[in-house]
Amino acid sequence: MTENTVKTALTPATHTTPPAKFSHGVKKGNILQVAGQVGFLPAEEGKAPTPAGPTLREQTLQTFANVKAILEEGGATWDDVMMMRVYLTDVDHFAEMNEIYNAYFEEQGLKAPASARTTVYVGLPKGLLIEIDALAVLG
Amino acid sequence: MTENTVKTALTPATHTTPPAKFSHGVKKGNILQVAGQVGFLPAEEGKAPTPAGPTLREQTLQTFANVKAILEEGGATWDDVMMMRVYLTDVDHFAEMNEIYNAYFEEQGLKAPASARTTVYVGLPKGLLIEIDALAVLG
Amino acid sequence: MTENTVKTALTPATHTTPPAKFSHGVKKGNILQVAGQVGFLPAEEGKAPTPAGPTLREQTLQTFANVKAILEEGGATWDDVMMMRVYLTDVDHFAEMNEIYNAYFEEQGLKAPASARTTVYVGLPKGLLIEIDALAVLG
């Protein structure tokens, strides 16, 4: 086994502890997987995980930041992302989420083609409006 | 970086423009990811995306066609697909979807073992009964 | 094409026949994908697939066993798993599932970092409380 095929956990210092024994992200060889991220603000010791504000905009932008921190921890960028899975709780949030999504990725200045994406509407724990995970392939 | 590790967008000419800045499919190295496809008929200029008929059968077959077009755009076939995620809106559609699924893949004349699959029941935008995405590994 | 890039189906002898033409697992090169597994007990000839007990605990542990059998069929272990997708039907099951999850993986004695994970709440066929699929990268 070469160093390339070791599986490493990606755990940004800002992230709250996962609610179970899973990793926020893992990398093995050229594959990087980001676990489902929600809009939790950076962890504060002794404080329960708290979502960024009540609005879809605040939660979505914080979720993007949380995904990005894991990508960066693994030496990847948004350009390496192949697939994003977006989980919303309400079909009526689709248009607003897309607007936030487009503006965010325009700001990020992607150099590679945009990731693929699937958006579906599911249940999430109380107070959470969006969850996103991502699969990246490093170059 | 070799040509193999460039990330390319897969955008069949027949496809409607995605509702946000994501790609219908992306390929990087030997990994090909197809975004969530629905049963939209081939794009017509100046016309909003329109699902194929109101029935599960019509939408499912059009969704398969839409996934297949993206695979082909990336030089892949159904035989390269490792995983399909099928999103239905109604548990009562499971048996009928499986019947359509089986007949379709029998017709496709697969040479390799069938893909893995997960089917779950979620919300989708009004009028849509099925959404499918796919992960392929090229040979 | 080398032997490494042949796609093979992973079909543990204990598993019930899938309800459609998909594989319980597939492996190609170093990528192994496990299809959505539920808590069905080992197959018995002439008997319809039957979930392990009515409780979340029984179904979850059987689901883990079913995922693990597919990993092993492909020469992989839990340590190779990059991503697990957990589908629950009820947000109120989250804490209990996490407790079962943690105890199970502690018992498994993982040597590599824990997999990433996404948990969402969806509809499942009647009687099923949990479904799990997994993506593994072999070392």
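As written, the chains take the letters A, B and C, and residue 1 is the first residue of each chain.
Note that in this section a contact is a pair of C-beta atoms (placed from the backbone, for glycine too) under 8 Å apart; a residue touches a chain by one contact, two chains touch by 3 or more.
No experiment lies behind these values; they were computed from the predicted model shown.
A.B. asks: How are the chains arranged in terms of who touches whom: line, ring, star, complete or other?
C.D. replies: Basically all the chains touch each other, so complete.
A.B. asks: Compare the two sides of the chain A and chain C interface and say whether they are made mostly of the same residue numbers, over half shared, or of different ones.
C.D. replies: Counting which numbers both chains contribute, under half are shared, so the two copies meet through different residues.
A.B. asks: For the sequence-identical pair chain B and chain C, what is the superposition rotation angle on Cα atoms, to the nearest 5 degrees?
C.D. replies: 120
A.B. asks: Once you find the CA centre of chain A and the CA centre of chain C, what distance in Å lies between them?
C.D. replies: 23
A.B. asks: Which positions in chain B are in touch with at least two other chains?
C.D. replies: 122, 135
A.B. asks: Contact residues on chain C for chain B in the complex?
C.D. replies: 1, 5-9, 18-26, 28-29, 31, 33-36, 85, 87, 122-126, 131, 133, 135
A.B. asks: Touching chain B in the complex: which residues of chain A?
C.D. replies: Chain A reaches chain B through residues 30, 79-80, 82-84, 91, 94, 98, 101-102, 105-106, 112-122, 135, 137, 139.
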